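Common to both upcoming complexes is chain A, partnered first by chain B, then by chain C.
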Partner chain A sequence: METAVIERSACADSVLLNDWHVVADLSALNSERPFETRLLGTDLLIHGAGDRVRIERKCDSGPVQISKKYGFLWACLGDPDRDILHIPEAFETDRFIVTGGSIAVGVSGLRAVENFLDMGHFPFVHTGWLGEEPHTEVPSYKVEITDQDEVLATQCRFFQPVASPTASGGIMANYEYKVSRPYTVALYKTNPVHPDRMDYIALFVQPVDEEHCIAHPLLCYLKDNTNEAELRWFMQLIFAQDKPILENQLPKRLPLDPRAETPIRADASSVFYRRWLRHHNITYGAITAPQ
Partner chain B sequence: MGNTMLEAAQHQWHPIASSEELEYRHTFHGQLLGREFAVWRADDGNVNVWENRCLHRGVRLSIGINDGTELTCQYHGWRYANRTAGCTYIPAHPADSPARTICNRTYPAVERYGLVWSGEAPQGDPPGVALLDGTDVLSLRPIPVNADLETVHRQLTAYVFQPNEGLDGAKAAVSVETSGDLSIGLSSVSGDCKTQAVFFLQPVDSDRTVIRGVLAGMPAHKAQLDVLHHHNERLSALRERCEAEASQLPQPEKLQPVIQPVSEELAGMPEQSTSGRNADLRVKIARKWSTAEGIAGFELVSIDGQLPTFQPGAHIDVHLPNGLVRQYSVTNGPGETQSYKIGVKREPDSAGGSQCLHDDVREGDVLAISEPRNNFPLRRDAVKTLLIAGGIGVTPILSMAQALYHTGLDFELHYFAQDDSHLAFPDILETLGDSLHTHLGLDPEETEQCLEGLLADYQPAMHLYVCGPGPMLETTRHTADRLGWPDQAVHFEYFKNTHEIDDSTSFEIALSRSVMTLQVPAGTTIMDVLRDNGVSVPSSCEQGACGTCVATVLEGEPDHQDVYLSETEKKRGDRIMTCVSRSKSARLVLDI
Partner chain C sequence: MIKLYDYELSGNCYKLRLLMNMLGVDYEAVPVDFYPGREHKSDWFLKINPLGQLPVLVDDGVVLRDAQAILVYLAAKYDPSGNWYPVDDPAKLGDISQWLAFADGITSTASAARLHEGLFYDFDIDACRAGAHRLFRILDEHLWFAEKQDRDWICPGAHPTIADIACFPYVILSEEGGISRQDYPAIRRWCDRVKRIQGFIVMSGVFPAGPAGGRLNALSAA
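Moving on, here comes the complex of A and B:
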C-alpha cells in the first residue's frame, strides 16, 4: 500500500513568516491571565492587555514583532516585509467597525479562505440567510489578477433571501471578492439601503498550524441599516454554520493539484486562488501539486 | 502491523459495518486501513460503499443526506446516484449540460453473517466461515479498540465467555477453533451448553481495530439481551487490556491511503456551453406525479419572476442534469401562466432523457429550460377542428383542445391509447366534455379504419391537427390525403425524426445577408458550419422534427431530410431545416 506521511514541519514559506498575522482580538485579552495561541505551528503566550501587551514564544526565546490595528493584535515571526493591509473602509466614520466573531476551525486556513470566496454553498450551508433553494444558480462572474497582484472576482451575483440582518424579503445581492494575501480575503457587498455603496468584510485567517486556523472577521458596515450587536450576532451565526462543513473536508490541507478535486464554473475564483498560491510557492496549509 | 500484512489486507474482504448499522435513510461512516467510506443503503436494499469524499471539494459524504435513491453532499448539494455514484445534479449550474461523467469511487459490498463486507481491492468472495454457515447468527455490538490488529488478535485468543444457555453456569472452557489473521473462532463449553462464536477484526487504522463478534445460533428471544450484555461486559474489559498493552508500544504511523486524482478532463473548468439551444429560464419542479401508466407529469414554476407566454402547441427544451436536451409540449390551458405542465413518457430504449426525468429529477429540483417555442401553431379560424392524438402525442393536443374549448370553437379530440390506464392527464380530459372521444386498444388496422371514418367528410375551412407515434402519423396523413384533405389543412408534429439522415453530400452555401460563402463538407450539417463561422442559429431538437432551425432558401434546391415540413412545403423548396437537410444543387443561397 502506498502511504504518504503528513509532515508537520515548521513553516518554511518566507512570505508567511515575514508577514503580519492576527493572533488575538484585543477585546479578548485580559491582564490577569496570559492568552495562549499558536501561529504557523509556533506556540505563543500573550501577556497583558490594553497598552501593555507582550508576546513570547513558549518553546524558545526567538523574537516576535507585534502591532495593533483594527481592534486586533498582530504578530510577525520574522522580519515584516510589508505593512499590515490598509483598509480605507475601516477609517470611514459612517461605518461600524466590528470584531468579535473570531472562530477556530479545524481545517487549513487556505480552505477557510476558499470557503469565503464561494457563493455556491449559500443555499445549503446558510439556508435562509445568504441563500435558499431553489435559487442555487451561480451566474458567471469575472476573475482576474490585479496589478497589485490580488485575486479579484467582480460582477458576482447571488440570490439572498435576507438582504441584511434588518432587511426582509429576497434580493439579488452583488458581491466582489478580493484575496490580497494568502491568508487574507475580503468581500464587498452592495448595501441594501445605499445601492451606490458597499459594505465590507475582511477575513484575516490566522494559520494556527497546517490543519487548524482561526478566522478573524472584521466588518465595516454602513451604520444606516444596522447596529453593532446585530452585526456581531449575524457574523457569528454565519461562521458557525461554515465550521462543521469545513471540518469535514478531506484532506484538511488545500490541495493545489488541479486533479485533486473537481471545479465547476462557479469555482472560478477558487481556481484562480489555487493557481495564485502555486505561483507564489505557498506550501503551508497546502498539499503541493506534483511537479 | 507489518507492511506485507497491510499489503495482504488490501486484497481481503473486511467487515466495515453491521447490517443493522445501515439504518433507513441513514449514512454511515466506515473506515478500513485508514481509508474512510460513506456507507448507505438505498430504499431498494442496495448497499453503497463509497470513497468518503465529495469529488467537488472533498467534503465527507458520510455527513451527506440519504434520500433513499441518492446521496446529497451538504456543502453545495451535489447529488450522487445509488449504485453508480455518478453525479446527477450540480445545483450551481442548473442549466449546464455537463458532458462529463463525474463519478465517485465505489467499493464492493456484500452482506453476510449480519455484516457488510468490503475492501480496497478484495479478491474472490468474502470468506465463508464454516462455524456460521447453515445456522442463525447473532451479531454482537461492535467494539472499537484503540490498539493495533496484532494486539487485539492476541488478546482475543484468550477471550473467555459463557455459552448462550449457560450464562450463569460453571466457568466455561473456551478453546480456539479457528484462527486467521483477521478472525478467530472460539467455542465455549459449560456443562451441557456450548456456543461457538467468530470474532472478526476490522483494521480501521494502524492503531485502531473494531471487534465484530458473531455468535452461531440465535439465543431465545428473552435471553438475547442478557447474552449481548454478557459479551459487552467481557469485551469492554478486553478492550481495556488491549489499550493498556498498546499504550506501551511505540505509536504506529497512521495509514495514509492514497486518494485517486480525478481525471484530467474533470480538473479543468468547463466552459459555458455555446450551443444555440438557449436555456434562459430557471424553473423549479413544483410537482411531479404519475398521470398515467408510464407517464409522469411535471409542473414547472419560475424561480425568478413570470414565465413567458406560451401558445397552444408550443414546446420547451428541457436541459437535463445528465446533459441531454429534450423537447416537451406544454399541456396548459389558456391563462394557466403560473406554471408549465408537461408529460413525459418513460422510453425504455431512449438515450436516457425520459429515464433521467422519471428516476433522477424530483420535486424541488431546478431545471433550465428554453422559452416556449411554437412550431405547431393552432389556427382559430376553422369551422371545425379535428384533433387526433396517439399516446403521449396528446400533450400539445391537450393545450389546443383547452384553447378551443374555452373560446367555444367547434372541435373534436380523438385520443388513441392502449387502455384507460394509459390516458394521460385525466383531470384535463374531464374538463373537455363531449368533445373528447377515446379509442382504446386498437391495432394498426383498426386504427386506420377508425381514422377513415373520422376523416371521411372534409369540408373547406376544416383543420386537422395530429400528433402521435410515427406510423400513426403517416397513416393519418395518407388517409387525409386520400380523402381529399388539402395539405394546408393537415398539421402534424413528430416526436422525432426516425428517417436515416444521409449526410454524405458536400456543397456550398452562400449567406446573402452576411455575405459569406461557406463549404459544407460531408458529415457536417449546415447548422454546424454556420455556428463554426459565428452565425447563431436557434435550435431545439436538432433532428429535423421541431422546425426551430428553419432558414429561408433564395436559390438552389434543398435536399429535405426533416419531418417538419409538409410535402407541399418541401416541394416549394423555399425553406430548409438547417440541422439535417442538405442541398441537391452544388450551391444553396440562404437568406441569412
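Moving on, here comes the complex of A and C:
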C-alpha cells in the first residue's frame, strides 16, 4: 500500500476536463464542514449541503461548475460540452433509484471500469455469489460500437448462484454492458422475479488522480421483494470483493498498447474498451500506446 | 432465532458472523443501511442502541450492543465445550478480557484508517496508522513468543478463544487502511491459522486460506 503523495501533472484530456463527473453522494454533505475531494488531480472543497452547495478549487478558490442528478453532486472543471448522461431507467416509477455507496479504490478509474465489464473473474472473486467453480466458462458474447459511440456488449450469459439481493437459487443471468463515457459504465441484468425486465446499475467513476478513483454506483432495481438497505448491502458486498483485487493490479494505470497484455476471447469487451479509449485520445489514468 | 443487526463491510459485525458460524448457531441478519444511509443514527435504530453503533444482537429478549460483549455472550451461551470462553477459569477470563479491550484499540486505529481511506471518514490518518502499528508490534511480539512455547493462539491453551476472533477482522483488513502487515510475520502466521479453524467464513476483502494445510505448512510458507 503506498503512502507517498503522488504528484502528477494535471489532466490534459479535454474530453475529460469538459465533461461532468460525480464528486460526492449528496447525502454525504453537511453544512458544518467542507467535504474535501479531488478530481483529475485537482483538489476541491465542497461547501454546504442541500440547496446551498458550491465547489471551489483548493489551490486558488476558483469556482467549479456543479450540477445535481441521481442523488449525486457533479462537477465539471472546464466548460461542459455535453449533458450529464440521461438514464431512462432512473425515471421509471416502479424502481428504487438509490446511490449504492461511494467507495475509494487505489487504482486508475479505467481499471475499475474494465473490471466492471469482466465476467471471467466472477467465480474466483465473487465466489458463491456471481459465480462458482466449475462454472467458469464465459460463453461468447457480442460487442459493438453503437451509433451513439458507446461500447455495447450484449448476449452475455453467466451462471450465478446468487445473482441479486432477491435471488432464491442459482440462475443463468443475462447481462448487457454499456460504456457511455470513458469513466462511466453500466450493466443491465435479468431481474430474478421478472425475467422480462432488467435491473440497471451504473458505475460513475470519479478519476481522483491517475492511480486513484472513487466508484459511485447508482442502482435502479425493480421494487418487488427488496428494499434500499438490501440493494446497498448487495452492491457493497460485491464491490468490496473487487476492491483488494483492483488495488493489487499492476500497473495501476490501464495499458492501452494492444501488445501490453494478452487477451482471450472472454476479454472482447475489454479489447473494444481499450481501443475505444485510444480512439478518443484518453491518456489520463492510462499508459498510452506508442505512436 | 437470534437476530443480528448487521453491516456487511463492518469487521465488528463480521466477527459475530464468524463465531456464530464456527459454533454452528443459526441467526437472521438484518442489513442496516450504515453507508451511505447512516441508518444506525436513525430514530428507530437509536431506540435499539442509543450509541448508534453496529452490531446489535437480539436473542431470547436479550438486547446486546458492542461486538466484544456479544462474543462473550455467544460463547458463554452456545459453546458447551467452554473452549472459546472458559467461564470457570478466572485467570483465563482475565487474559481474554484484556485482549478484548486490545481489539477495541485495533478498531479505533486500524478500522478508523480503513474508514478514512475507503469511505471518506474525517480522521487523522497518520495518527490512526501509527496507533495501529504500535498495537500490531505488540501483538506480533506476543504471538512470536507464544509460538516459541508451541502455542497457536493469543491466549494459552490448545483451542482458540474469542480473543482471537475479536482481534482478527481489523488485522486482516488493515491493508485497506494502508497498514501493511509485512513487518509482522507472527501476525501473518496467526491469521493463516485463524483461517483454518473449522467453520471459518470470509467477508468482502478477506480471502480464504491457501490450499496448503496444517501449521507446519503455514509456518514454512510465511
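FYI, the second predicted complex is superposed on the first by the 279 of 291 C-alpha atoms of A that agree within 3 Å, B and C clash if a C-alpha of one lies under 4 Å from a C-alpha of the other, contacts with A are read in each partner's own complex, and residues count from 1 in each chain.
Here, a contact is a pair of C-beta atoms (placed from the backbone, for glycine too) under 8 Å apart; a residue touches a chain by one contact, two chains touch by 3 or more.
Everything quoted here is computed from the prediction, not taken from an experiment.
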On the A-aligned overlay, A:230 touches which partner chain: chain B = first, chain C = second, or both, or neither? second
Of the two partners chain B and chain C, indicate the one touching more residues belonging to chain A. B
For A:271, is the partner it touches chain B (first), chain C (second), both, or none of the two (neither)? first
Just chain B (first), just chain C (second), both, or neither: which does A:14 touch? neither
With both complexes overlaid on chain A, does A:250 touch chain B (first), chain C (second), both or neither? first
First (chain B), second (chain C), both or neither: which does A:146 touch? neither
Considering only the touch criterion stated at the top, classify A:103 as touching first (chain B), second (chain C), both, or neither. second
Of the two partner chains, chain B (first) and chain C (second), which one does A:67 touch, if any: first, second, both, or neither? neither
Chain B versus chain C as contact partner of A:25, first or second or both or neither: second
Could you give the residue numbers on chain A that contact chain B in one complex and chain C in the other? 1-3, 244
What does chain A use to touch chain B in their complex? 1-6, 118, 120-121, 123-125, 133-138, 140, 159, 244-245, 248-251, 255, 257-268, 271
Using the touch definition from the top, list the residues of chain A that touch chain C in their complex. 1-3, 25, 27-28, 33, 35, 37, 99, 101-104, 106, 228-230, 232-233, 236-241, 243-244, 247
Going by the contact rule set out above, which residues of chain B touch chain A in the complex? 3, 6-7, 10, 33, 36, 52-53, 55-60, 63, 74-77, 90-96, 98, 102, 120, 253-259, 261-264, 266-272, 282, 284, 303-304, 364-366
Could you please specify the touching residues of chain C with respect to chain A in the complex? 7-9, 31-33, 35-39, 117-120, 122, 129, 175-176, 178-180, 204-205, 207
